[in-house]
Structure formats: C-alpha cells, structure tokens
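Naming follows writing order (A, B, C, D, E and F), and every chain is counted from residue 1.
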C-alpha cells in the first residue's frame, strides 16, 4: 500500500501518466498544491480507468485557496492536514510526484 | 517577425502547444537547453503542421551537451551562439517559452 | 510514527516548502515524531539568516526554528547544496574566505549521509519537491 | 543593437541562468550593447556574495562581475525579490537589522521600475526563465 | 522615459503553487505606473488565476484574486483569456473573478504582433 | 546504522536543464556508500540521462554520462528503463551509455513494491 502525492496540475500530463502507471491495487492518490486542480470534474477522465481499490483524495487547504471548494469532482474525498498525516501512516510508503 | 525561444523538452506538451498557437508567418523557433530534445526526429510530428515560412533552429551547445549531435532531425538548422544573437536581431521581438 | 521529511523546494518560490512545514506541525501535534528534516537543492535557502520576508507574508525560516525548538527536531541542511547557494556556517565561511557565516540558528550543515541515516531510521520518508 | 536581459532562474539549479550569460558575452563580443541585466525571482541568487561554487564548476557570480567590469553593464537585482531571498546591500541589512550585507560587488539592488525602464530603452528584451 | 512601449504579459502559471503568477502582476503594475500600456493574456494553467472564490487563509499567503481585482485601478483592463483553455478546465465566464475578453487561440498571434514587448510567466 | 533499507530512485528529469538529475545520483552514491541497496529507474524524460555521446564542454558542467558510468564502482548496477519511454524519444538500447534493464511500464508498480523507500527526482 503506497500513498502517491502529486502536486502539479493536469497540464503535467506525463507526471500524471507516470504516477498512474505506478499504481498497485489499494494504493491511494492525494492531490496537493497545484495538483488540486486535477480534482476539477473536467479532469475526471484522467482517473476513470483506475480500479475501485484505488482511493482518491485532495487536500482541503489547497482546494480552498484555489477556489475549488464547490468544484471538486465526486471521485475525490476532500481531506484536512490531519487526515493527510493519517494517510501517510496507513500506507507503508509514500511516493512524491512533482 | 518574432523569435520564439523554448527551453523545455516535448514532455511539456502544453508549452509546445501554446507556442505553436502563437506563431505568425515568418516567425522562427529556437529550441535551447532541454528544448533541444524537441529536435529528435521522434518528435517531428509536433512541428509537421507548421507553414513553410516558419524556420526551426536548435542551439549547438545544447545538442552537443545532450548527445544529440548525430540525432537532430533534418527539420532543424543547428546554430551556434553567434547565430542565436543574430536571430534576436533579425526578429523584431523575442518571446520566451519556459 | 517516526517521520523524516526531505524538502527540495525554495521557501520563497514554491508552495511545496510551506506544505512541508504544515505537514510537520500537524504530525507533531498529533503526537508523531519528526526524526529529521533534510533540506536539499533549493530547499537549503530556508536556512539563510539574511532572509527578510515581508511582514504580511509567511516566514518559513522563523516557523521552522520555533517548531524545532518546541519539539527538538533535527533540521539538517545539505552542506554541498548550501555552500553552492551561499548558505555558510562558521567553518564554511572560514574555508571559503567569506566575511561572515549566514546559517540561521537552529539549522545545521551536514552531508548527504544524514539523509541516508534518516531513511534508515525513520518509518516514513516524505519528499516535498517542486 | 541594444539588449536588455531578464534572468528568472537560479544560477545553481537551472541551466537557463548560464544560457543568459553566454548570450550576453556573445552579444557583447559581436559589438552589441547590453543596456541592463535585470535579475528577478530566483535569478537574484547570483548576487549573493556568500556563494562558493565547487572549483571545477561554473561560477556565474564571478563571470557576470568580470563581464560587467569589462563592458560596463548595469547588473540590477530586483530589491523585493532579493530581500525575500536573503540578498541584502548595506541599506537593506541595516533596515532589516541583519549583521552584514551580502550583495556581491558589481550588482545593484533596485526596484521593478528598472525593468520597465530597460523595456522602454532597449531594442530587444530577452527573458531567460525556468 | 523616452518611449511608451506596449507590453503583453502572457500568464501560463497557476497561482499559489509557485510565485510566477504574483511576479507577473508585480511587473504589470510597475509598467502601468510608468504609463506603459499593459495587456494580460491568460493561457494554459494561467486561466486558473482568474477563478473566483479563492480562500488562501490556510496557506498564509495573499489572495491572488484580490490582486487581480485591483488591476483596473492601475488602468490595466485588457485581460484576455482563450476559450479553449477555459473549456479544458471546464470553466465558464461565470467562474471568473474579473471581467475578461474571451478570445480564440488563433488570436494569440495577433496579440503578440500588436504589442511591442512580450513577457512570459 | 540499524537497518539496510532498499531504495528505489525514480528519475524523471533530463540532465543539464536542471540539476535534479545530478542530485539524484549524489543521493544514490551516498546511500550505496552506506551499504543500502539502491536501484535507479529512469522514466519519462529521465531516460534522456542515459543517452551516449554527451559533450557538455560548452556548458562548463560535468558530463552526466560519466557519472552514470561510475555507478557500478559503487555497486549500483540495477538500472531500469521503460521501453515505452525510450520509444517515445525514438531511442534504442544502442543509444544508451550504460547497460540497463529494459522493463515494461506495468513493472514500475512492482519495483515500487519491492523497495522499502522510494525517492523521486
């Protein structure tokens, strides 16, 4: 179980495709910083082919800052900093995509 | 007449597409730094739909550093630093894509 | 849980350096341990004592110093990355014949071995990059 | 031809800062004028006098200093960007109550107005970014 | 100053993740103060600067949206956005914090031609 | 050191344009000196680090290729490259400066699973 942290917008297509290629079942993805834009519904297609066992999260401080509070796709669970820390505990390793 | 300087590899797809959308007839493109990888033949398709009036250049110091000397596509003219300076004189403005 | 963080990003130019701080603070307040923060690449700039951020903006050097004091965290700045970027302690200032040291209090210059050790001794290593 | 250059990139972390130097040197040797180099963002780090690059690596601070001396170029460092990143002249060191200035010789701290002026007075403005 | 050159600032960066967006506005304001005509073009991720409802309190940083709404006070009121880039992020003009002119991607070339100097961020 | 954790370093950056590629090798060498097993995976633009014929004299910077060829002396000999990323740049194994294992993209997940710590550059 790996947590994948990603902090760039979907404009960094190859970063997203490298991350997606690196997923195992039961991994989690947390979008942070400019990565939060990836949680806009317009970008759902990026995540559509993922297995159900992969969980998708986005960081609240980053969605709020960017005006995304009302615009986050239902594919994502919005989490706070405490839950970010918990996610890094629940997963056995963390891979940062930046 | 504008000189477009671009310094990222074709991995930055949206940078390339923004630049391509910004071209006028008789503009020039000079690939520098990691942009030099754009001159690999494998990336010819990026530049294929350009009008013949747009000239394509790549900087010699950057192709040599990266092992591209023997691998530059025929679409590009390899130029040295002096010719880089001349290009900025021949064009009336310079737009940097980075 | 014992964490170590690797910070690659400039405290001024990229949000990522601030995210690292928020993570550290949240983890510590939740009762976890931060074994070490290792600043690498442009991340080393946080330890430049000459930095004077505008009053109304985030001041990461001071925030790290206060956090390290409160929780006794190891703030290690990669010495090779720091010397190249003009962040020197007394020894390095002398070695390179510079007038004065400018390593901020609470930070320590050391080698990449400290990163290897942090990897070996921590439960989780988290990279904050840009 | 009268050029001004805008350098956004760190002299340590990105090649772009070195490309700017090569361009300036080539243009000057070809008989052109460099009216001003304006360092902005992480580009301001080139003016940190504490920088000590490894012996066998490129030393952009020294190279710019030598070039500016030979050809009388204006090397202007954005003051707001510099203060945030810990590059201070005597005035700013005093204002922010820091021990010492660390602006390298040959560079000058000034405001963004110097960039506006460079745009107004130059035939070409070329940005080196990263 | 001997000349009033017109400036086009092309913004390709999202706000907050890096400080490029801020730097570009600081340059825009300065050029405007020097009475140089300034136009701003937002393309790619640059359009994300314009999103309304920004609340960056938790990041302890200035609200980018507020800086944008201050531009007209400095006589900067030529803001251009490409329709294709808005669409790419699923955004419409109602989502934007400030009034902008929505242009087609093929008009970027004419904007570049119409200005004396082009800066990119 | 109480533990010999295995490290996977994922390289996504081209050499020379930024110093990420260099930083990753410095970390790799250090971990190897501390007797931690290190594997390097080159994906995306990272594969460009491996191109042979690099001549960076005009840039006054160290030859990245030379640093790569020194890795076996530090017992780092697990270098992985994805075939799809080589193909994307039109490269084949003859174009590479050092011996590598060419893997399929779907094997990246297993490489991550097989190592204790993953660093990215």
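Here, contacts are C-beta pairs under 8 Å (C-beta built on N, C-alpha and C of every residue); 3 or more make two chains touch, one makes a residue touch a chain.
Being a predicted model, the structure only gives us computed values, none of them experimental.
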>> So if I look at the partners of chain D and the partners of chain E, which chains show up in both lists?
In response: B, C
> If you check the contacts of chain E and chain F, which chains show up for both?
Replying inline: A, B, C, D
> Looking at C-alpha means, what's the farthest chain from chain B?
Replying inline: C
> Among the chains, which has its CA centre at the largest distance from chain F's?
Replying inline: E
> So what's the Cα centroid distance for chain A and chain E, whole Å?
Replying inline: 27
>> Measuring centre to centre with CA averages, how many angstrom lie between chain A and chain C?
In response: 26
>> Using mean CA coordinates as chain centres, what's the gap between chain A and chain B in Å?
In response: 34
> Can you give the whole-Å distance between the Cα centres of chain C and chain E?
Replying inline: 34
> For chain F, which residues are shared contacts with two or more other chains?
Replying inline: 16-19, 44-45, 58-59, 61, 117, 120
>> Show the residues in chain C shared as contacts by 2 or more other chains, in ascending order.
In response: 12-13, 15-16, 22, 41, 57, 80, 125, 127, 129-130
> Mind pulling the chain B residues that touch 2 or more other chains?
Replying inline: 7, 11, 14, 33-34, 61, 93-94, 96, 98
> Every pair of chains that touch: which are they?
Replying inline: A-B, A-C, A-E, A-F, B-D, B-E, B-F, C-D, C-E, C-F, D-E, D-F
>> Please output the residues of chain D touching chain B within their complex, sorted ascending.
In response: 1, 3, 8, 15-16, 19, 22-23, 26-27, 30, 32, 124-130
> Along chain A, where are the residues that touch chain C in the complex?
Replying inline: 5, 7, 32-34, 61, 81-82, 84-86, 88-89, 93-94, 96, 98
> Once bound in the complex, which stretches of chain D touch chain C?
Replying inline: 10, 12-13, 41-42, 45, 48-54, 57, 83-88, 92-93, 96, 98-100, 102
> Can you name the residues of chain C that touch chain E in the complex?
Replying inline: 12-16, 18, 22, 56-58, 130
>> Could you list, by residue number, the parts of chain A that touch chain B in their complex?
In response: 11, 13-14
